[in-house]
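Each of the next two complexes has chain A plus one more chain, namely chain B in the first and chain C in the second.
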Partner chain A sequence: MTPAEDTVLRAVRARIHRSRIERLLIVAATLAGFLLLWEFAGHLTNPMFFAPVSEVLVVFYQQIVDPSHSLLNGLIETLAVLVPGFVIASVLGVVLGVLMGRGNLALQILDPYVTIFYNMPRIALIPVLLLWLGVGDTLKIVIVMLAAIFPVSVNVTAGIRDVSAQLTEPARSMNASEGQLLWKVILPATFPYVTAGLKLGLGRALTTVIVAEFFVSLSGLGGILHAASSTYQMAKMFAPAIILATMGIAIDGLLTYLERRALQRYRA
Partner chain B sequence: MTAPKLSVDNIHKTFFKPVKNDVVGITALNGVSLSVAAGDFVSVIGPSGCGKSTLLRIVDGLIKPDQGRVLVDGRVVDGPGPDRAMVFQYFGLYPWRSVLRNVEFGLELKGMPHRQRREIALSNIAQVGLQGFENHFPHELSGGMRQRVGFARALSLNPEIILMDEPFSSVDEQTRELLQEQLLELWRETRKTVLFVTHSIDEAVYMANRVVVMAARPGRIIEDINVDLPRPRISSVRTLPRFGEIRSHAWELLKQGIREATEPGALP
Partner chain C sequence: MAGSLTAATVREAAIRRAAKRRDLAIRVGSIVSLLLVWEICGMLTPRIFLSPFHETVAAFWRLCGDGTLLRVTWSSLSVLLAGLAISVVLGVPLGLIMGRYVRLNWALSPYINGLYATPTVAFLPVLSLWLGLYVAPKIAIVVLLAIFPVIKNTYAGVTTVGHELLEPASSMQASEFQIARHVLAPAIVPFVMAGLRLSVGRGIVGLVVGEFFTAQTGLGGLLLRYASNFRTAEMFVPIFVLVVLGYGLTALVIALQEHIAPWKETERDLSQ
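What follows is the complex of A and B.
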């Protein structure tokens, strides 16, 4: 490399570095401004309806060190509904999606019902299911499952229908069986659609688990949130919300990472 | 005369295309017969829509003919088999598999043990000059390298007949000439029977012992030209007067076929 090129390279690197610092500063400054505003608003408004950020943090800390572990127990209760509901929805969603993607008869028969359920607000089903399944975790799990399954299945179906003949033809030419075609060609090719469906399903599952905890029987983080808000303990209300947001971001981040890794390989 | 390696016996194929609420039939192949001796290199040329790719897929067993049959060593072809392998215009590689795992794929489908298929794949990768790229992914390779992976995969199956569907149409001119040379060399070493579909008259004549010329609407063979040019085929063969004669003869036939097909009344 000539000295002139070296100088240019160094300048470009410095510029990239500078812009990265600038971006960080902007984020930090707006965050600080937002927290300050929150703090002032909290002191100026009626404490029955709002709490300053300092109090939220203090209460959050108290809840974490609280010997009765109410927040931790709430989180565990919520996860005990969310995880089985979401896992069952993922597995059944992929199976349903594969069935409808591969079989024309299955598509014809099931498509109208999937369309109805996909577009129906899940909350509308709660009263009916309440009568059938009673108030308990089973009901909540079923509701979460119903919320998450269709975004998964619809995406998988679309993905499978989208697999190009340029991927199936070589395998068929090498005498692949139907099972090999599915496992070694169609499912790998559909992987980006599966993760996209799981992300959508997860968003719905998170919303629905809280709704179920409000409406079916107060429990979990949703229950804590509801109890705090109905007794006007504003600061206490924020803790479950913060946990839920963190959880959503973490799982979404994980799926995005998997998706990006998969997509790298799919650049044909 | 010895029995042919491959014989195509009076093949008819019609495709049906939906038009509004009805379907129309398009005759892709109308009574195509062809026989190829073991170790021969036969090119097939014709205008687009003459059914040359369909013919190749019928020989491979990917498409079933409406009438007629394909015989390999006197046995009727009923679907893809280990005696034939195909090389595709679009390469037909799996983007989520490395070069090595792409070359192994056909052997994996056959259920060959891991170590054995790895050994075969490595030697075929070396044969096409891609050693050092075993762990690369298709998107990291140039078009020419991808098609060499396609060659290696076909060779790994050790077929008796290699079917090539415009294998060099997706690469640039210089790469195309290099691949042509490499293919001729591989053919000389392995003595496989090759059926080579192309839309380039020059390529068809340069590579083959025989050039089969097809016409469209309906797809049929109009002439079978014997290419009496010396081997090995090296670039200088293109400058021989005989090369020019065969080339222009094939071009006249193609033009005639196109004229007939576009005359009113000639259309089905």
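What follows is the complex of A and C.
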């Protein structure tokens, strides 16, 4: 490397470094401005309708150290619905997607229903399922499952159709069986579609679990939120909302990371 | 030689047509068998759980005939369209300036990504406290669900426009507005449409949640009223209309996209 190239490289690095610092400063400044605005707005408005951020944080802390653990219990209740519902939906969604992606008969039989359910606002099914399943966790798990399964299956079907066209012939020419073709060739290549479907499904599952909690029995984080808002306890209402938002962002981030890892593996 | 080739092509086309007919027959058979199961189950179970399919069809005609369905559907549709319109009017400029000014993107993207991943229906109780029970909170919740795909896709569209297009424009003293109108707009339209396609589905969820938990109006309100009175035949009518609405609006967005932006029909939506 010539000295000239070295200088250029150093200048570029310094510039990247400076822009990173600038970005950090801008993010910090915006956050500070946002919190200040929230604080002022909270003091200026009627406490029945809004709470300053300081009060929200104090109440949040109180709810965490609260010996009855109401917030923690709410979180556990919500997760007890969300996790089984989402896991069942992921497994069934992938199975459904593979069936419909590989078999024409399955595609023709199931496609009308997948289209209907994919376009149906899943929460519209809550009143119907309420009649059939009663008030309880079964209803909530089923509705979460219904919300998440179709984004997964639709993405997997699309993915399998995309990759099959390119990959089936070479694998077949090397005498791969249908099982080998599926497990070793098609499913790994479909992985990015699976994670994309899981991300969409997770968003839907989170929305649905909250609505189900508003609706059915006032349990879980959605129940706490609804109870706090209907008694005008503004500061208390923000705590479950913050937890739900954090949950959404964290799981979305995790799936994005997995997606990126998978894509890198297949590009390399 | 040429004759046998044509014959082969004709034969292949005939096989393909036969396969298509068979596929259609399977689809129709699949739907008909579900409706039959519905009809039989409806006859065997108590009315408060499920009514036979033909009663739902009768209820559909009755609700069409007396104008209820039209009125309720219009009430829902106007809220949904208002919410989607606001999402586009606010979301496109926001995505545009975020794509043009990197510092603004740094400042705003944490909140926009955060809210996109957040189940925003959780804000409905607050919105209802602030905005009341009628149209305003419903439009607001539709916007809160529908705007983020529009913002993110517009932004993604702007960032696909390279310097080779932007620099000549600014070297010829194009104003920021002229750049947006003549350079960026053609590039972002397919992206906005792809975002809007997602927004339709999310917006309908917002609409139904709004109609469930504020004043019970529209299709969601009607559904809730029938379900809580155990009128299981009528209950499926608003659900059916909601599915048609979702499917129809999505098809409309796709048709619109092909009409006004046919130059990039396979644009993936990058926000997912």
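Observations on the model:
One rule holds for everything that comes next: the second predicted complex is superposed on the first by the 264 of 268 C-alpha atoms of A that agree within 3 Å, B and C clash if a C-alpha of one lies under 4 Å from a C-alpha of the other, contacts with A are read in each partner's own complex, and residues count from 1 in each chain.
The working rule: a contact is a pair of C-beta atoms (placed from the backbone, for glycine too) under 8 Å apart; a residue touches a chain by one contact, two chains touch by 3 or more.
Quantities reported herein were computed from a predicted structural model and do not represent experimental measurements.
Once the two complexes are overlaid on the shared chain, A:Leu82 sits clear of chain B and of chain C alike. Between chain B and chain C, the partner in contact with more residues of chain A is C.
After overlaying the two complexes on the shared chain, residue contacts for A:Leu244 are found with chain C alone; chain B is out of touch. In the superposition on chain A, A:Ala171 makes contact with chain B only, not with chain C. Within the superposed three-chain model, A:Arg23 lies in touch with chain C and out of touch with chain B [touch as defined at top].
The part of chain A that touches chain C in the complex is made up of residues 22-23, 26-27, 29-31, 34, 48-49, 104-105, 108-113, 115-116, 119-125, 127-128, 130-132, 196, 199-200, 203, 206-207, 209-211, 214-215, 222, 225-226, 229-230, 232, 234, 237, 240-241, 244-245, 248-249, 252-253. Interface residues of chain B, counted against chain A in their complex, comprise 60-62, 79-82, 85-86, 88, 90, 92-96, 105-106, 108-110, 137-139, 157. Those residues of chain A lying in contact with chain B across their complex are 166-167, 169-177, 180, 184-185, 188-189, 191, 262, 265-268.
On chain C, the positions that touch chain A within their shared complex are 23, 26-27, 30-31, 34, 48-50, 103, 106-108, 110-111, 113-115, 117-126, 128-130, 201, 204-205, 207-209, 212-213, 220, 223-224, 227-228, 230, 232, 235-236, 238-239, 242-243, 246-247, 250, 272.
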